[in-house]
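Both complexes below contain chain A, partnered by chain B and then by chain C.
Showing the complex of A and B:
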């Protein structure tokens, strides 16, 4: 009896899991089917002929690699800037006492929830006036608006989890405050910094609205708007090509996801994830 | 003397603390606080986007906004979308978390697969779903026809109410993993002793869920619902990319309206007014959420 129940539970659970994951399976399958096979009715569940022509097409005849490069630069730059500032900020917010600290923490949480559409018009005007529109740099600036509050909030809870005694012990041993930060706090905080960096990278990699508004030249366009443009501007939509683009676009996320799963779940527990 | 050196040290520490937070404050003021105040300021003007020239209209944008039908219909759509997708996310998310909490085969693989929709870009999710929804060759129509649910291929995104339902369903698919992970994390901390005690008292699995699991999940559920409500309310990418607000304006939510007004109809002042009103509505939820997290922090 228990085994029958166990099997029933497993079948039930895996049916749902596979149904949820099906769109992603279908994306993979479509990307390796030759174009004519897409129009087969009924659709073939697995490709009859496997082909990687769409991937070659994507790399050789579209701007995909430029977009990909832009996205890598943009997300890496945003992550580095934001994590550096937020690590110092979080240390200050958690371990120091000064006027205005509490209201600052409130402001961080508030901006963490703020909708982008409220900031986008003034930011657009600001960046146009500064002559920065249509550059990757302008997107780095725009991305800090959501990435910095997010990283600060996450790092703040990681920082709060480090025992204060560790720092005090270092201070008693004669270390300066910054020395203790460097030698004691940073090594302890490293897992938190890594998972914050990963989440920030994912957020920046997936961002769409700012990229849509602030950049309209192919040389600075990141993947999200670039790939979407391929859909809109195509005369007849090549679904295999778009699915190949989707797969390639998700590869960095899969890598992050697969190799660093333990960090990811830790981040979830610490502060939730922006959606 | 010792007390004096201590205050000196404390003062030096405070100065160091301020120095460390300074970069954050500078960035916050220039890219968040200034634009935020600027958005409120802009909402008192009528600004033509291409030339960026405008006149002061005072509260004109606001009085006009409250009288336009499109504002109220967008607000209505936003509420339907938020409530609809949030409900599905919570129900499906809690259910899935309970299932994944059981000892099923390849549990960690199942968890990763469930998480995936949440991590992929909205652009990818939308492209995949548009392909699934394709009227002629999409697998969705093929599947629904073959199980006899529908007789003819359906238009999922071009007609009402299909478009709104599709958007809500795709939103639920994309965001329910957040609920799964948060609930799963909480489930793992419920002491087994509680279940043992309930079992001894003769509670069946359903009674155990309502008497033990649900009360234990209550706090985390409130936080999840608030957070997801805020994020769903301001969702732009998913709806914009799936339907663009169409057919006509039937799936146009407030964030799409702001974008439309600013960058398609070229009135940045009015768009700012929409954005400010939208933020004011969200503020209620934001303040409740902030109050909750702050009391939990104990600070």
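Showing the complex of A and C:
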């Protein structure tokens, strides 16, 4: 029966949507409930009293804004570095012919396959020896090491989808190689660059483990470890503040997602469709 | 003065040799086609001329200047790609203006040139469109416009018509020939379509396996193919090739194959007895009377003529071409002979060279021009015609 099928499908889809959306809803609701209402039984679906005191508390009396600024700087810098290197690297891997090209591409991916726990201690020692420990910059380097391989492969498949004739035509038309790259390749690669940038930004924004190990001064902490450190202790979890912080952490990502969502899905499909 | 000269140009990709020591001299203002099956090295040759590939050895000259180390953009050439390679993010006007922009042409002059080119190719209405909003034929004209706009010394065209439908292709052939006549520029045209090469070129360079097989005007390529490959590649339907033996009795040459024996004459001095191959074009298979019997297998009607595929008793297949009003049917046995003035003899092997003397077809000077005996064919049935 088509109608039954339709209803079943709808129920199924909405169940998934609810399962994903409810925690977000609960986070939002908890963040605007006064603390005394949190543990009431039965729980209130919507707060009886609305309050934004947790948000004000975070902004005015904690380091939240410092962490937020650190995260923005960190994620933006990582994204810029990764996209710049990955774009040029992908161009090289696709357009130039040299020995070991394929092995190189594979080796790059290989680092991505290792669990980060294995890499974190050597990386930590390396950064300490470089005198970069406890800086935002050390995290930029660390995030680049694991975001770059994936970004490189993603951009590589996008790059492979750009016809070589376009570049040849630009060369014959009088462009230099760099000119052809700038005039013809980059505009074609834009969707790929946007999805790679999004991917890298989200990865850096949400990263926890490296930030925990590599940075332990408040001035350099990003949001993830900063909030955790501030609000979650062995004895107590500040649920209201934690939820308010979570909401504020999610807002930038939700905004970026809403605007660039179509590019992102296109990016994830690139390997299969264009490869 | 030669506009384009290849001197012993060789191109290797790793262990694969795409072009073997190519020597080719194209005159200024000439329309030359590089013709051959896919993988014959014609596109590699063109790309080397464009500067997109570098020859492993040898020299390439454009207008008396060796261009081996000259960047593509500085060779004063323009190229039309098979895929058109229009810049998708630029409008038609920006696409056509791009070569001028890269050469620093002032804006006012650029706009004037683009307008003139658009006018010439009837693109004026489309100047603000993006390439994806155009039909295949329109995209093709934009690609042509981008090549025309800066009046280069040499035009390179890489199968520019192969993505168009048959009707438009025929139309564009005429347009291109007209354009060539009007501009008087050297054009090098790569194609695997012999019809394009035959109809448009001043000379055709037939290539196969990275080697030049023949470089001659279309009629010569058709009437005096240099070797067996050229003979079989040029012409639709193809030339029938019959493997057999050549023997010599004094001044007389005799070609013999299963069921066929034919006196041939006027071979080159270097011809020697042994395995050889007889080539007959479809229009030189005379169906209706003659000493050989063949069974009609297929009759293809094209409207103005019929293509008839016949099988001899030896299993050898022949293709003939006859004017349209004929009533032969598959299964019928007919008698046939060859037009002795227009048969060819080739040496052994897939690229056996043509043994007929230049300008002469086999059998032309022979007293008994055709003497075909069919030793082991069944008694001929009377052909109904």
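Following the convention adopted for this analysis, the second predicted complex is superposed on the first by the 252 of 275 C-alpha atoms of A that agree within 3 Å, B and C clash if a C-alpha of one lies under 4 Å from a C-alpha of the other, contacts with A are read in each partner's own complex, and residues count from 1 in each chain.
Here is the rule we use: a residue touches a chain if its C-beta (ideal position, glycine included) is under 8 Å from a C-beta of that chain, and two chains touch if they have at least 3 such contacts.
Note that the structure is predicted; figures quoted are calculated from it, not measured.
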item: First (chain B), second (chain C), both or neither touched by A:189; value: neither
item: Greater chain A contact set [chain C / chain B]; value: B
item: Partner chain in contact with A:21 - chain B first, chain C second, else both or neither; value: first
item: Which of chain B and chain C A:179 touches, first, second, both or neither; value: second
item: Which superposed partner A:32 touches (first chain B, second chain C, both, neither); value: neither
item: First, second, both or neither for A:165, with chain B first and chain C second; value: second
item: Partner chain in contact with A:198 - chain B first, chain C second, else both or neither; value: neither
item: Touched partner set for A:228, first chain B, second chain C, both or neither; value: first
item: Chain B versus chain C as contact partner of A:136, first or second or both or neither; value: neither
item: Touching both chain B and chain C, residues of chain A; value: none
item: In the complex, chain B residues that touch chain A; value: 10, 13-14, 16-18, 20-21, 23-25, 27-28, 31-36, 38-39, 42, 52, 96, 99-100, 102, 104-105, 108, 110, 112-125, 127-132, 134, 136-137, 139, 142, 146, 173, 175, 178, 181-182, 185, 227-228, 230-231, 233-234, 236-237, 240-241, 255, 258-259, 262-263, 268, 271-272, 275-276, 278-279, 282, 286, 289-290, 293-294, 299
item: Of all residues in chain A, those that touch chain C in their complex; value: 163, 165-166, 168-176, 179, 183-184, 187-188
item: Partner chain A, residues of chain C touching it in the complex; value: 47, 50-52, 71-74, 77-79, 81-83, 85, 87-89, 98-99, 102-103, 146, 156
item: Chain B-facing residues of chain A, complex; value: 9-10, 12-14, 16-18, 20-21, 23-24, 26-27, 30, 38-39, 41-43, 85-86, 88-89, 91-93, 95-98, 101-102, 104-111, 113-123, 125-126, 128, 141-142, 144-145, 148-149, 152, 177-178, 202, 205-206, 208-209, 213, 223-224, 227-228, 231, 239, 242-243, 245-246, 249-250, 253, 257-258, 261, 265, 268-269, 272-275
